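Input: one structure, supplied below.
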Amino acid sequence: MKLSNTPAQRYVLRIADAALILSQRNAEWCGHGPILEEDLALTNLALDHLGQARALLTLAGKLDGLDEDQLAMLRLEHQFLNPVLFELPHGAHGERDFAFTVLRNLAASVWFGLLWQRLLHSSDAELAAIAEKSAKECRYHLQHATDWTLRLGDGTEVSKAKMQAALERLWPYVGELFEADAIDAEAQASGLGPSWDSLQADWRAQMESVLTAATLQIPKDRPNAHRGRHGQHSEHLGHLLSELQYLQRAYPGGTW
Amino acid sequence: MKLSNTPAQRYVLRIADAALILSQRNAEWCGHGPILEEDLALTNLALDHLGQARALLTLAGKLDGLDEDQLAMLRLEHQFLNPVLFELPHGAHGERDFAFTVLRNLAASVWFGLLWQRLLHSSDAELAAIAEKSAKECRYHLQHATDWTLRLGDGTEVSKAKMQAALERLWPYVGELFEADAIDAEAQASGLGPSWDSLQADWRAQMESVLTAATLQIPKDRPNAHRGRHGQHSEHLGHLLSELQYLQRAYPGGTW
Amino acid sequence: QSREAAFQARIDAGDYIEPKDWMPAHYRKTLVRQISQHAHSEIVGMLPEGNWITRAPSLKRKAILLAKVQDEGGHGLYLYAAAETLGTSRDQMLDALHTGKAKYSSIFNYPTLTWADVGVIGWLVDGAAIMNQVPLCRCSYGPYARAMIRVCREESFHQRQGYESLLVMMQSGTEAQKAMVQDAVNRWWWPSIMMFGPHDSDSLHSEQSMRWGIKRISNDELRQKFVDATVEQANVLGVTLPDPDMKWNEARGHYDFGRIDWDEFWRVVGGDGPCNRERLATRVKAWDDGEWVREAALAHTHKQQQQQTKEAA
Amino acid sequence: QSREAAFQARIDAGDYIEPKDWMPAHYRKTLVRQISQHAHSEIVGMLPEGNWITRAPSLKRKAILLAKVQDEGGHGLYLYAAAETLGTSRDQMLDALHTGKAKYSSIFNYPTLTWADVGVIGWLVDGAAIMNQVPLCRCSYGPYARAMIRVCREESFHQRQGYESLLVMMQSGTEAQKAMVQDAVNRWWWPSIMMFGPHDSDSLHSEQSMRWGIKRISNDELRQKFVDATVEQANVLGVTLPDPDMKWNEARGHYDFGRIDWDEFWRVVGGDGPCNRERLATRVKAWDDGEWVREAALAHTHKQQQQQTKEAA
């Protein structure tokens, strides 16, 4: 699939793919949650992110006459531009680690929240409209993730240890959320949206406040080694895509 | 993909797919074995089954001018004819359960051993030649699986419990290995190969001898509920195929 | 004795029984069994369709499927809540499920093998469920009746969605898609009509349940209604129901259909279906893996309460 | 003192040192570190390529890849055995790996993202490894030298296989395949030339290792040799090495190349590469999950021995 790959298109795709891939991950909990209410809540979260992804993919595809499904189902791995954080499996070894799920959703909802706020003022009216709807959804996501972080961080010894371990696993991936490059610079200059590095201070402050209240230790910052935003992913995305895209590829030309 | 689906073709495909899918499963241990020597042994097993599958697929595909890769990579799920046993993940929840791996390989090597012996006399010279090579490989597989069954069954309390639990999980799937239908009847009549039900008594006797020596309890027989031989699989095969076939489907027309 | 007679009179008069009303112990027990079994079916029923969430062929279909499976979880919630009004806790009911004492609908012991299975489950399985459930909206036990009204509304929506997704494939799809739909229909048809349970002549519990207004229409009557409705839908769709004996019977004014394989039915009910062990193991694992989460949530709540007590003191 | 001198004289004369020979403690320690690090690299190196076994694009390629990864495990076996002759057990070495005390080649901390990565690892990574390892076939320690002869023979085979698979894609493949190969080359080129280690001026241990015949050619010399060979191969293949500064230097008779990003090198060596934590966690999990298997095997052997003792008595 050929994409124009303009800076604006790539800027939007980075956000679209973040929402799409995180949705795919959170949807893996459907039917497997620790309590039924959480099953529903995580599915809700997946649905919201999926809706955001669909709107953003539609926006990003316009330039090349591609629809949301062509972008989601027929791009190759290196054409996905989400930060690596969003594609990681819940557990280090393929299991569903609820602690990691909660903490990633916390990190994501703080980050998305800041991003949507800034995108409300995007020079692209459509992007601003998507941000407005998404910002509302995000408030609920943030509340939900915050509640669980507090419960599990300041719950039992066991839950605290699991949360701390999950936080250690997560932390080396957060740096990528605040990288800035030419694409960011152009988006910032054109008013399309903020350079991601400008979100870092607020993100850090909000995260510290929740994690500290949850009695968790913030890990040492690590230099960023991840380049998902440039299409260089972890080994996990390929496996995720082999599922996500299988049907469209096995039944080419289908109408669904 | 259109197949002639003659009884002879389906008879060969059932065996080919059993070898192919079991190979794919055993290959999942590569790099993850409990000791390095087992990593190598399981990889070897996967390689032998893969070689058998390639020869059998080539044979089965001749009728329709299809090669081994077209059959392996482009058939849809319901066109795979392996018994369900061979497609099950090693662990009940996606983890690698070495106990199950050992017991399935025991069940499989006893079964393949009996099958190859009978196929030595196949009216199809090519099938007989494949059986001759495979029978030799199978002797080593059987020895290896037997050794491990004895070690783990009559090892520690923990290992015995794991083996017994794995045996309980495995047992409801063995019935399918000895079903007989019109395809078997035709193969038996034409001299292509034995009706699978004729392998059951010997299989049972060999299994009992090893499992008893390993101090394991043979579970109660269950009526067969599985129809992989008819192209109706478990939910696991679809996920396995989404990986197995991804590259050929994502890069159509490629030369590898 | 007179309490029982009065109770029966209320039911006969079409009154709803409410949680605080007196009721016979057996009525209570029967309802707990039935409602919890229904709730368990919703929860276990999330698994076969959930199997296709990661692989839905379009984002729209993925969203529809996610929302549908979520609805099933929601039905589980209402139904557990309705059963709890009878004095059994959700944890007790779940324990009965996990230890194999409680049942769930046997249909969920079949695997979903293709994407078309998702549509066919909506069409046939939800369709059969609705046939079974609509009469329960007039069930004598108020909380159950009210839960069922909500459940049925959503199930009808799901059924239409499922049917519509099949229609798209049959009308605009490729040959491979059409074959996929027919294959799914072939696999799900017989299990679907088994969902109405044994023939009336072999059905336990039914008579008493009828008297109590817990069951309103017999298994065979519902099954016939379902078959009659479905044959027409299959024609519109352009699929063949896998029953060579199916044909219109002018005299009866109904479709005749072939013999149901009751051996298979009882085998699957008895635990030897293709997925029984896996479905239960999956639920048990989700529950066991979630134990630390539930314990932590409880511990956190206690801590909060102690804090508030201290602050109040 | 004279023992050390005699030892050095043997090495200078080109003799092999054997396990029972006297050797300086530091020579022993250096060798254990180097051989075990090499063994660990083989074992950890199974993971990035193993990531593609389930997805190989043809059954032939799957067989080749399986056999290759198996060979790497085999190299691990020879090398652990060679290191054990120096008085350290495999379990001790593995413990050092699992606790992060021992290193493995930093190249395996990069992910394999496409099928072409498998071919490029064969071509570039195995190619660089062979450059490093061929001189070790003349290493002063006999068991290590002999292991390396076998390793190098197999590695050359792997390298040719990897290159051949790329050649097929570049010569007969689709545009998408060619792009995949180029993308893989872009990602692996710089990490590959970092495999020769820091510049000679920054390299610890090297001088002593040279004297002891454990190292025979300097990092920069090997790297240059690798670059010179690879440029030609890249031309035949039709891929571009991602270094705008790469050009033939007539005066030196070598290719000049751009500045290596040593910050990245040290970051990855230091634990902050894209996959360091995951690679180690995967190895540790395999080991921990296998504990019951190893214990059972041991228990079974004890039982067998007791049985034999009894029978003998």
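Per-chain numbering from 1; labels A, B, C and D assigned in written order.
The definition used in the following text is that a contact is a pair of C-beta atoms (placed from the backbone, for glycine too) under 8 Å apart; a residue touches a chain by one contact, two chains touch by 3 or more.
Since the model is a prediction, treat every value here as computed from it, not as a measurement.
A.B. asks: Give me the chains shared as neighbours by subunit B and subunit C.
C.D. replies: Where subunit B and subunit C share a partner, that partner set is A.
A.B. asks: Higher C-beta contact count, A-C or A-D?
C.D. replies: A-C
A.B. asks: Subunit B to subunit D: how many Å between their CA centres?
C.D. replies: Centre separation, subunit B to subunit D: 34 Å.
A.B. asks: Using the average of all C-alpha atoms in each chain as its centre, how far is it in Å between subunit C and subunit D?
C.D. replies: Computed value for the inter-centroid distance: 57 Å.
A.B. asks: Can you tell me which residues of subunit B touch two or more of the remaining chains?
C.D. replies: 76, 93, 95, 242-243, 246
A.B. asks: Which subunit D residues touch at least two other chains?
C.D. replies: 55, 176, 180, 282, 285
A.B. asks: Touch graph of the chains shown: is it line, ring, star, complete or other?
C.D. replies: Graph shape here is other: it fits none of the named patterns.
A.B. asks: Can you give me every chain pair that touches, using the contact definition above?
C.D. replies: Pairs flagged as touching, ordered by label: A-B, A-C, A-D, B-C, B-D.
A.B. asks: Can you list the residues on subunit C that touch subunit A in the complex?
C.D. replies: 43, 46-47, 50, 53-63, 66-67, 69-70, 73-74, 76-77, 80, 115, 165, 168-169, 172-174, 176-177, 180, 282, 285-287, 289-297, 299-300, 303
A.B. asks: Which of the residues in subunit B end up touching subunit C in this complex?
C.D. replies: Listed in rising order, the residues of subunit B that touch subunit C are 76-78, 84, 92-93, 169, 172, 222-223, 225-227, 232-235, 238, 242.
A.B. asks: In the complex of these two chains, what residues of subunit C are touching subunit B?
C.D. replies: Residues in contact with subunit B: 48, 51, 55, 111-114, 176, 180, 183, 187, 267-268, 272-275, 277-278, 281-282, 285.
A.B. asks: Quick check on the complex: what are the subunit B residues that touch subunit A?
C.D. replies: Of all residues in subunit B, those touching subunit A are 76, 93-95, 239, 241-243, 245-246, 249-250, 252.
A.B. asks: Which of the residues in subunit A end up touching subunit C in this complex?
C.D. replies: Those residues of subunit A that touch subunit C are 20, 24, 27-28, 30-40, 43-44, 46-47, 50-51, 53-54, 57, 68-69, 72-73, 95-96, 98, 150-152, 154-156, 158-159, 162, 240, 243-244, 246-248, 251, 253-256.
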